[in-house]
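Below: one structure, written as structure tokens.
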């Protein structure tokens, strides 16, 4: 029934390749099917003004799509002179999600910026960005701990995300682009590796959903995130 | 236990005053406690380029806060030269939510813009904007139907929104600013008058939540939206 | 002869309601007929860089119109990415006018920002903004004096403004929108409560005027400002 | 008493050199003492959208200062990414003033843009820009009439401007920079060659003025503009 | 003598991998040592306004660097709100260079946009972008010819570029980042596959050079481009 | 053969008038035929952040064209809200070129900004800007040396620039606008007064060139710059 022939609760093939750029403190290329996102972590020994002197660290994120990551070319945001509303929403989401897995006291007064750049898009880029972003973050924090700059591990648990939605009347896991453009109802679920919920964004464009469907989607999300966390663990091992 | 002395499932006092500006096709001032939002609906007999010629209508929204609607003065976005990320997120949410209650075929090729301007803020401005925005929309559509420009009612059901969150370990309804700034977990629930879900945005800044808590918050949201829909109905009667 | 039926030297009904927002140090809603402007005063214990260390205070103003304050919806300046030329002109005028009534030594090194937001427009918004802005300023200064932060009153005199113009060949006071859009010659007169002139901006779009007409308009302006100052005094009493 | 040794009602030496650039349809370099402004008129056979099809013409103006036209270097507005509030105010004033001398029906559906670029500044640049701008406009219109594109002269009368102010307690004509920076009260008076008033902008920064002073300043302005109009006439003869 | 141990006239190892993204009409990842640039060609059946109706085609380019392609993180240009001067210069250069190898009549009225995004930078990114950009262009044109949309081959010859400079007093080929940051004199040489010169940009920051050195650098450039063209040919074979 | 009737190696008439503005530390108006550029040097006793505390000075440049310096009016960059790509390229070039003639240690920690504003354009504006810019720089440095602020002359040699190109198949010196718009191949050559090369920018839009032609153009450039340097010397004598 799904365009890709997948089962309702079957994820796309996912791979996480680490160490893909020589400059960043942590990096990976995550592939969720044909969605490919390059994630890098950049460490700076300074924090934004609003927490200067607080002793707390900060994790933030930026998101971008290469102009031809999509089926038809998108205008380059740098040329347009600003980041679009969708970009701003997504990068705020990524940062907020990752911070939910961070002990900012343990991190100390330093900032890690996660850049998530979509090389090729086929649905679910923000979930791939969060899942891959956490891997880049983990690798950068490992470096900090190796040098002794940070003693107690500031990462409480993994953070991973997956999309679920109602496609052709059925609740399905990990929507690809053909499903995503057709689904009236879909959402992103962000969980920690210990199963706790961090963020849920369910929305229905031109449609609605019931509490029962909401329950089905959450079951799928828990299954999917479980698989992603396993992949994260082996990637950073 | 709540700073305001309210029960866990008790909303603030809500009032909706219609017809507050002489120019707009529909307008109201919604007060949810000390949160006051002016909502206007502006009708135009043209649609955005991407649906020109489709026969479909469009409902969109813009959101703003007066510089001194908040406890300390915020920089005016027009002076800053752009709308902040939060503003962009909120106005996209309002538009998406309201469209979920609209039959765009019945509306016909015309656009209604809902402007939501926060006069005074005390938490929950986006929920007030959606709830009041629907009232302004309803009034503007009524005008269209009275003139015969639109024959079949394009509004399928009411659309209303309420925030819920975990405050001091308890699930509470309709957070005001003191609660909101303290709650690690909170979210916005948008429902239709017929009880169908439109959008859920649960997020946890520096915290997490469980599926059981998610269930409690949804119960509260259904209660709160039920009360708001009753107020919407009497406001437009 | 006037569209509203008013006498040549008759102002619209004016009311000034104070204390309309709980956050601002001073606030009022001024209504000059159907022109409604919300004015707030925000106090900050810092001054712009160009007077830092001078011991002098600063009063500045910002002006905005809600998108549907006008007969047809205007584009939101925050969305357009900049304040238009008219907005910039008006807010510079308001700030300059109010400063003419302020003893900046007595105010001390602090800044008061007057925000004037037009809720509903029907001509004469800049005059309403100045007149209401002064009331907000007065209330904020009263607060400063009550706490003892300021000892000697920094407000020398009231500041109020009114528009006059030549409509259908006759000199008239306080133009409303139908008159304003028709008048070839009109201007704004800003005076202090003690009768001294602060600013005159007479201009003729597609027309001209004589020195005798200039004299008639000044007579009307003195009458109108006299009435406004009386209302200001009772509003802040 | 004046820093320059001039009498109270004595203008600076003024010269107007025409034909200073080979590309523009009309051009002049106006020198009012050490204030030098290059004015060009550019003709286009199209009008702004808001009057398309009306049969009416349009005259508009833009104003700029070379970065080192002033005593200390100013930031280039193109580099700053926007025109400042003062620039916007001035160029709107120049356009409005010049249009007051134009019969837009006789001009026909075409646009003339007057560019006023300050090469060297010593006070009174906006008045020099208006006075020189009219000369450039006259020369461009002459060209139109020579080719027969325009038959009836669209220029009703000359337009010229001069500043007056209260310096050291005395009303003086044509303020230079040392006077201007010291005068609490000053203004710009724009008149037509036939003596009719077009625009008056009197303002007092940190001061006030009386009706009697207003009369004295208007007397000076009429004298000054009379002299400027004579120079305009001989420049375009 | 060179930090990398290379001979004076030895290039870094270069590889060109084609078909790296499924959406673009042509794509490659070019690696010149540690400089990695992703190049995509996007075809549109429309041209910029200035050649509409001329029957001529257009080839243009855009350039960007991922924020962490460099040793320390650069600010994202989309977030900064504009493309920096260096970016604008480089993308104009790439477009101009590629057009020198295109018969725009044979291409017909369509546009090909070459996006060059630097994944990892180690000197010479603009040369890599031109060389890889041509490969993406060739592949996109091949597609056009296969479908019969274009009959006569619009690509006259290959276009490739290499940097040369004076490092430690010696003329060297293909500077990497450590050399580039140290060289007082360096430049980019763009040639066609048939040996004709397209563009030379020699510059000396804080230094100068002689005509003899200019000759040596041109000899090196001819050697380097010869090698690059051979690689381009086998990549697109 | 040339539109102007000049010989292949003949420059336009060049004049350099110094002291053209009373405010700048150095200034000149350079005329290369009908290309007129006003150059001013502004001295500031501070340097950009990236060299603060280094003891080194800085020379930078900005470039602009008056809107009607060209045959048809160009949009004012300040009004457009940004400097175009061509402007940015040119002003970076001017600054880089002038710095190649400066001993930044001898200059000491101060900045000189060269503003080059094109009053009238007829081809070769960037070369005129560099040649005139050096004169303004020389005059400003002379002032510094006269006051004793600078002891050892920081100007190593003159810096001048000329354009050369292939017009109608022939190598020609100093292209004017009619030649420039027709030449497939042209470039700018920047040399010091001692004959050393600083920068070469040869480019071919829709054409190519050979090494032999490159040699001819360099011969012409050396001849042209020789003449310009002689004029510079007599201008500052």
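By letter and in written order, the chains are A, B, C, D, E and F; residue numbering begins at 1 in each of them.
Quick note on the criterion: a contact is a pair of C-beta atoms (placed from the backbone, for glycine too) under 8 Å apart; a residue touches a chain by one contact, two chains touch by 3 or more.
No experiment lies behind these values; they were computed from the predicted model shown.
*Asks:* Which chains make contact with chain D and with chain E at once?
*Replies:* Chains that touch both chain D and chain E, as defined above, are F.
*Asks:* Going by C-alpha centroids, which chain is farthest from chain C? Tell me that one.
*Replies:* Max centre-to-centre separation from chain C belongs to E.
*Asks:* Approximately how many whole Å separate the CA-defined centres of chain C and chain F?
*Replies:* Taking the mean C-alpha position of each chain, the two centres sit 51 Å apart.
*Asks:* Using the average of all C-alpha atoms in each chain as its centre, how far is it in Å between chain C and chain E?
*Replies:* That gives a centre separation of 59 Å.
*Asks:* Can you check how far apart chain C and chain D are, centre to centre, with Cα atoms defining each centre and the answer in Å?
*Replies:* One centre to the other, that is 28 Å.
*Asks:* Out of chain E, which residues touch more than one other chain, so two or more?
*Replies:* Counting only residues that touch two or more other chains, chain E contributes 82.
*Asks:* List, in order, the chains that make up the ring, beginning at chain E and going on to chain F.
*Replies:* E, F, D, C, B, A
*Asks:* Considering the complex alone, what residue numbers of chain B touch chain A?
*Replies:* The contact residues of chain B facing chain A are 82, 85, 88-89, 92, 96, 99-100, 104, 187, 192, 196-211, 214, 218.
*Asks:* For the complex, give me every residue of chain E touching chain A.
*Replies:* Listed in rising order, the residues are 21-24, 27, 34, 38, 40, 42, 44, 62, 64, 66-73, 76-83, 87, 113, 115, 117, 119-120.
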